[in-house]
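Each of the next two complexes has chain A plus one more chain, namely chain B in the first and chain C in the second.
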Partner chain A sequence: MMWSSYLYTLAWAAITVGFIVVSSAAVGLVARLVARMRGATLRQQHDTFAGYAFASPWIVGFLIFVLLPVLASVYWSFTSYRLPNPPQWVGLQNYVRLLTEDRDFRAALVNTFYLVVFGLPAQMVVALMLALLLNQHTRGEGFFRMAFYLPVILGLNSAVLLAWVLMFNANTGFVNVSLRALGAKVPLVNWLVRAFIYVVELTNAFFIGLQNGNYTLLQKILAAGFPPPHRVPLWLQSPLWIKPSIILLLVWSCGSMMLIYLAALNGIPREFYEAAAVDGATKWQRFRHITLPLLSPATFYNLVVGMIAILQLFEQPYVLLRDSPTVARGGYTVVLYLWRATFRFNEVGYGAAISWILTVIILIMTLAQFKLQDRWVQYELR
Partner chain B sequence: MVRRIVGVVLIFLLLGVLVACAGQQAATPTPAETGGQQPEQPTPTTAPEPTQPPEEPTATAAPTEPPKAEPVTLRVMVVDYIPDKTDTWLEQEVVPAFQKEYPNVNVEFTYVNWGTLDETVQGYFAAGEGADILNLGSEYIAIYGDQLAPLNKYLGEEAWPDIKQFVPATLDTVTWKGELRGLPWLTAPRAYMCRVDLLQEVGIDKPPTTFAEAIEEAEKATIIEDGALKRAGIVTTGRLDDWQEYIALIWSLGGELYKDNGEPTFDSQEARDALQFMYDRRRAVYPDETIADLPPASGSRLADGTAVCIWGNLWGAPPVDDPIWEKIEFSPGLTYPEKYPDSMPVVQVFNDWLAVPAYSKNVELAAEFLKFLGSAENLNRYNKDFGSFPPRQDAWTGYVQETRPMQIMSDLMNQYGKGFADVRESPKFREILQREMSAYFTDLQDLDTTLENIQRDYTQVLQDAGWIE
Partner chain C sequence: MVEKAYEPSEAELVLLQSRRQRSLKWQEVVGRTGLYTILVAGSVVMLFPLAWMVLTSMKTYEEANAPQLVWIPENPQLTAYIKILNDMDFLRAYANSIFVTLLAVGGTLISVAIVAYAFSRIEWPGRNFVFFLMLSTMMIPFQALIVPQYVFFNKVGWIGTFNPITIPGFFAGGAAMVFLLRQFMLQIPKELSEAALIDGASHLQIWWYIILPLSRPALATVSTFLFVAHWNALLAPLVYLQTKSLYTLPVYVASLVNPQQTVQPWPTIMAASVLTTAPLIIAFLFAQRYLIGGIVLSGTKG
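This part shows the complex of A and B:
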């Protein structure tokens, strides 16, 4: 009896291996048959069999674990599939509800676009600045490179994100305590912080107005005027500050982009700068007319990859907001909303529809980027 | 080459068939292993489904040796936010004691919180696999009743006379279609608790009992320095339990959650007045939405003085034997006598319970564990550490009778208690209330919009779930 579980496991392992072997042979035989019908020599038929037989574990795996689920999700997106009940065909109902009725989905879309529009450029600018600093080849470059890349190694796992939750506490968190201390010592810092608060709150109130069709909050902030000296950012506390909090996290974890920029900077020939210096170009002119254009392929790569990553953002809002229902809606992203529909409420059909809408959005935005790259991406100096 | 590959394929197939047959044979208990007869008492070796009794063994296989106990793992999902002495007690005292009786049983605990419970439990049910015992809340029987194992044959009066000791109202919480689906685990009433010494500092001599008094108290007792909250007159709004307090307030005004036709009642005057009150009280604590919130709590806010009043159960309060209780007074609830002369305080009573899901392969064993855990001694001990009431009457000894907060709470519960039950489609309802109430509290929308949204969205949810035709 004790051995039953081991034998069971062994049986499944043997069946799995057997399935792989059988499916490989089947794929190889079909390929060989096709080759024979096309008049291939015996040698070519053998090669075709071997090639397809060895490639088939991946092909079969792709069919079973990728293609079939994808096709299933297409079907489910047209059904009302609430686990544990079987799916029921509802046609376009899920899509219609998502695009015309679901206010939370609209909020999630606006939030996600907000993060793409503001978060991605912020991430890229900081990554570029860090890469430029590291490219100065100063002492301790290795240490700084490691330090800036550390957030990527740490990953935005739950422990790190929970540490950020504590640091973001508006009253006693590290970020605001630091801002208060700096502001008390240097009045200019205090003024800059307040100006930052004013801009962020106005911008976010405008976006919330877009979501709700109600600009009362924006009017209130305008009426209150420039923030008083004691004001601090209300990071995870206020709906106005949820998205800036997530953007700060995105910027903190820009190490991958920084490395891409650094590699691209190292690939720019020194002769270009020397020639430009001889012609009397200033530092800014060299940066503007040599560095930036030759970094454009790296910028394009970071833009496309970063945009897709932000459109699929999940972990940050999930961990940061799970105990903050007061502001949760302000931080819904499309994938968080998808997860909520699918795994919280078991509405698999509705979740599948969300995922296909997101896929189409990613596809359109990526194609648009590729289409527009001819206008600004330079692979060599003109 | 093809022949070789076909040969290898055949060998693998043969191997697979042989091993699978061996596995199948081993997985089916032989008469010798089951002792050659149908077990009368629950034994961990078989752990049959309640609805599917074990197959009759053939008479030809007489037992030659006593049955060997197969190791069984019983998985228990418990709601608990922080590692504390309740976990230590469960893992280091309860489990070893249970294992004396069932030495082959390993008990594993999984801890979740109310914020993640729904997704965890629904995942279990969707997969048909998960913990064998689930910690559920008062209102959950209507959601999961059909998916839980019927337990009358294990926990009914005939099988387990102890069940008579449980407070009938708590058993109602765990009964679905005439069958017990679990065992009550703790009873936690919620009331308002205030530090009278801090109230007296601002010229108030007792905890608030009306809407007007509550707003006055919140305003006077709150301290704001440099744009940050140093002390909150009351800590409730903006929290996970806002929606529950809102329901308590609607009830206290004489309102109900549902109309006769099943539609929600968020278009009622009671729902409007209760929500307006909560907003006004929030403004008494936070004059505007630029005030930085209190720092994270490192214990009870009543004990450290960062809150003057709280609404909740004793879990969020100082330990019941803490001397600080000499400075804490209770209020059962808030009324609005100016507009609702008949309004009465409501002490919301939550009954957490332990359920056995129908998918569990260890239903009988899980029921045994529930009986073990549900003894008067064990319930008294757990609830003492948790700051709640044992759901069985013969466990109301020791701390329940000897400590002042428990005495007062039990009096309030007896006088004003109302079970937090019949809250339909509670996971989605909670999301709707939290989303809309927080939008209102933070000035993202007005009262009319908030109530309209709640009414519309909750009606849709009830329609989708078949509560309304």
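This part shows the complex of A and C:
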């Protein structure tokens, strides 16, 4: 019984390999035929055959797993389609419902934008700081680089995310217990934590107001005033704290951004700094007028890649939200909502519409970044 | 009359210089100490969740859920490991994860290497167009395809099997990986394959005997990326597997937390987490330099 599912997939893998070989040969032969009819030389015919045959695993895969699904899903997004019933044309109804009626979807959109607006800059600033620290020709650079990069490898695995769930527990979790202990010893820490709580809760209450058009929570927090000494962050237990928790995880796994910055820092010629030092520029001036501008291509890359990654966030909210269904609406991301809305009741039409809205958002925001890059990305010093 | 500016004597100059050097050195010592303090503190923060995972897995249930923080378990014990290793579903999930990852990484790696060869070592009409098409598919988020692909796999009866999370990779899944490998293969001198072609070798032979051995570092990078991606994958297995006996590790381990209970069996969960994470860490330690090279390559030349 146990082996049958493996054998089944292995058999299909063998069939697939056979299919790829045959289809590659077929694509190559057709390409060579066309080349011959166009009067190509023998060598050109040979290369045409080989080129198409070698590229055809991707070409065939593109047709089956990308082009066909894309076309089908555009159509299905305009239908009411719940498996196993056939699709029925409903025009724009899915999109209208998503954008005007569906409050969970609106919450997911607001949450995702919140994570982009607050999480992305936090990630990039920390990544830059770590890269600047590592760029001081420190001993053991290899070890530190590894330590800072490891969370990227682990950060999406639900096993590691569960360790965070344990640490974020509001009463007995490591984070809050140490905050309490530190706050009891050092009054300044206590005061800082309370200020942090105040700022986070006010911001998040405002965003929850944006989600449901009801600002009573914000008013309540304002009325309660500055948090009393015993307060600690509620992390995963409150809709006010779920997004800051996710941002903390994002910052924790900023290692690949750091590596990009580090590579860019290595590419800045020493002479620039020496020349500036001779002219009497201070450290800050050198950072502001040499390092920062010359890092702007790396910043641009991190911005685009990081933004796309956050718009597609799924694992973190999935694992963090399992613990407490009550905070769900504070933590839904678009992809998490796509999964919930589509696959629980096989709502293909609705899910297709969500995925197209997501794709259009990603495209628009990426294009906007590319349009805006001329204004601030510098490839050399001016 | 021009007043002569004060000129320090030789001895004074030496004294001044040594004093300046001493203060510079002093500053440097302070700066370096601060730097290392921050770096060490940073790594502690970054690695802490892992340490906490291991520590918790060796605690008793009472220690793990105690209101007073227990740093180091009083009597470190392996009860949690014994418990999770006797959990047939966990072992099954482990076997499933190994099977799925090996098959998907193997199939993807070979097909990606074939396609990258076409885009870097052969001149053929339409190459630029097809390459551009491939790069533009990177703009389509994987999540946008999962809905229609689900319908497609449902039609052919593949839901509830490992096929949807392994087979698509055989078609050179992952344009970024093809791109990375192509960049690497472009750097291999053209003369190598030209000479072999004149000697009558076929492209398949050149690919296998010349290009693949020379691309080993890039292949290591790609396989590590693929391994990490498949070992961590959550969304696709959640959507396609649907039966507990087919769950991969991330899906199964996530299901160990029961939202209905207030007290979770944390030591057991963390023992499962440690065992799930171990292959990743081992792979990372072995392939570290390839990974870091790969990220920089795809970032700076992309």
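Going forward, the second predicted complex is superposed on the first by the 327 of 382 C-alpha atoms of A that agree within 3 Å, B and C clash if a C-alpha of one lies under 4 Å from a C-alpha of the other, contacts with A are read in each partner's own complex, and residues count from 1 in each chain.
Simple rule for what comes next: a contact is a pair of C-beta atoms (placed from the backbone, for glycine too) under 8 Å apart; a residue touches a chain by one contact, two chains touch by 3 or more.
The shown structure was predicted, so the numbers you read here are calculated from the model rather than taken from an experiment.
Q: Classify the contacts of A:83 with the two partner chains as first (chain B alone), second (chain C alone), both, or neither.
A: In the superposition, A:83 contacts both chain B and chain C.
Q: Regarding the shared-chain residue A:21, is it in contact with chain B (first), chain C (second), both, or neither?
A: After superposing on A, A:21 lies in contact with chain B but is clear of chain C.
Q: Contacts for A:322 in the overlay, against chain B (first) and chain C (second): which applies, first, second, both or neither?
A: Touch status of A:322: both partners.
Q: Residues of chain A touched by chain B versus by chain C: which partner has the larger set?
A: Partner with more touched residues of chain A: C.
Q: Answer with first, second, both or neither: which of chain B and chain C does A:130 touch in the superposed model?
A: In the superposition, A:130 touches chain C alone.
Q: Touch test for A:239: chain B only (first), chain C only (second), both, or neither?
A: After superposing on A, A:239 lies in contact with chain B but is clear of chain C.
Q: Between chain B (first) and chain C (second), which does A:171 come into contact with in this model arrangement: first, second, both, or neither?
A: So A:171 meets both chain B and chain C here.
Q: Where does A:259 make contact in the superposed view: on chain B (first), on chain C (second), on both, or on neither?
A: The second partner, chain C, only.
Q: Which partner does A:337 reach: the first (chain B), the second (chain C), both, or neither?
A: Neither partner.
Q: For A:50, using the defined touch cut-off, is the partner it touches chain B, chain C, both, or neither? Pick first, second, both or neither.
A: both
Q: Residue overlap on chain A between the chain B contact set and the chain C contact set?
A: 2, 8, 10, 17, 50, 53, 83, 166, 171-172, 322-323, 325, 343
Q: Give every residue of chain C touching chain A within the complex, in rising order.
A: Within the complex, chain C contacts chain A at residues 35-36, 38-39, 42-43, 45-47, 49-50, 52-53, 56, 64-69, 92, 95, 99, 103, 107, 111, 114-115, 117-119, 122-127, 130, 133-134, 137, 139-152, 154, 161-163, 166-168, 170-173, 178, 202-203, 207, 228, 231-232, 234-235, 238-239, 245-246, 249-251, 253-254, 256-257, 259, 264, 266, 269-270, 272-274, 276-277, 280-281, 284, 288, 291-292, 295-296, 299-300, 302.
Q: Can you list the chain A residues touching chain B in their complex?
A: 1-4, 7-8, 10-11, 14-15, 17-18, 21-22, 25, 28-29, 32, 46, 49-50, 53, 83-84, 104, 166, 169-172, 176, 180, 208, 212, 214, 216-217, 220, 224, 227-228, 230-232, 234, 237-239, 322-323, 325-329, 343-346
Q: Report the residues of chain B in contact with chain A in the complex, numbered from low to high.
A: Touch residues, chain B against chain A: 1-2, 5-6, 8-9, 12-13, 15-16, 19-20, 22-24, 26-27, 29, 33, 68, 70-71, 115-116, 118-119, 122-123, 125-126, 128, 147, 226-229, 238, 240, 242, 288-290, 292-296, 427-428, 434-435, 438-439, 441-446, 449.
Q: What does chain A use to touch chain C in their complex?
A: Residues of chain A touching chain C: 2, 5-6, 8-10, 12-13, 16-17, 20, 31, 35, 47-48, 50-55, 57-62, 64-66, 68-70, 72-73, 76, 83, 130, 133-134, 136, 138, 143-151, 153-154, 156-167, 171-172, 174, 177-178, 181, 252, 256, 259-260, 263-264, 267, 298, 301, 305, 308, 311-312, 314-315, 318-319, 322-325, 335, 338-339, 342-343, 348, 351-352, 355-356, 358-359, 362-363, 366.
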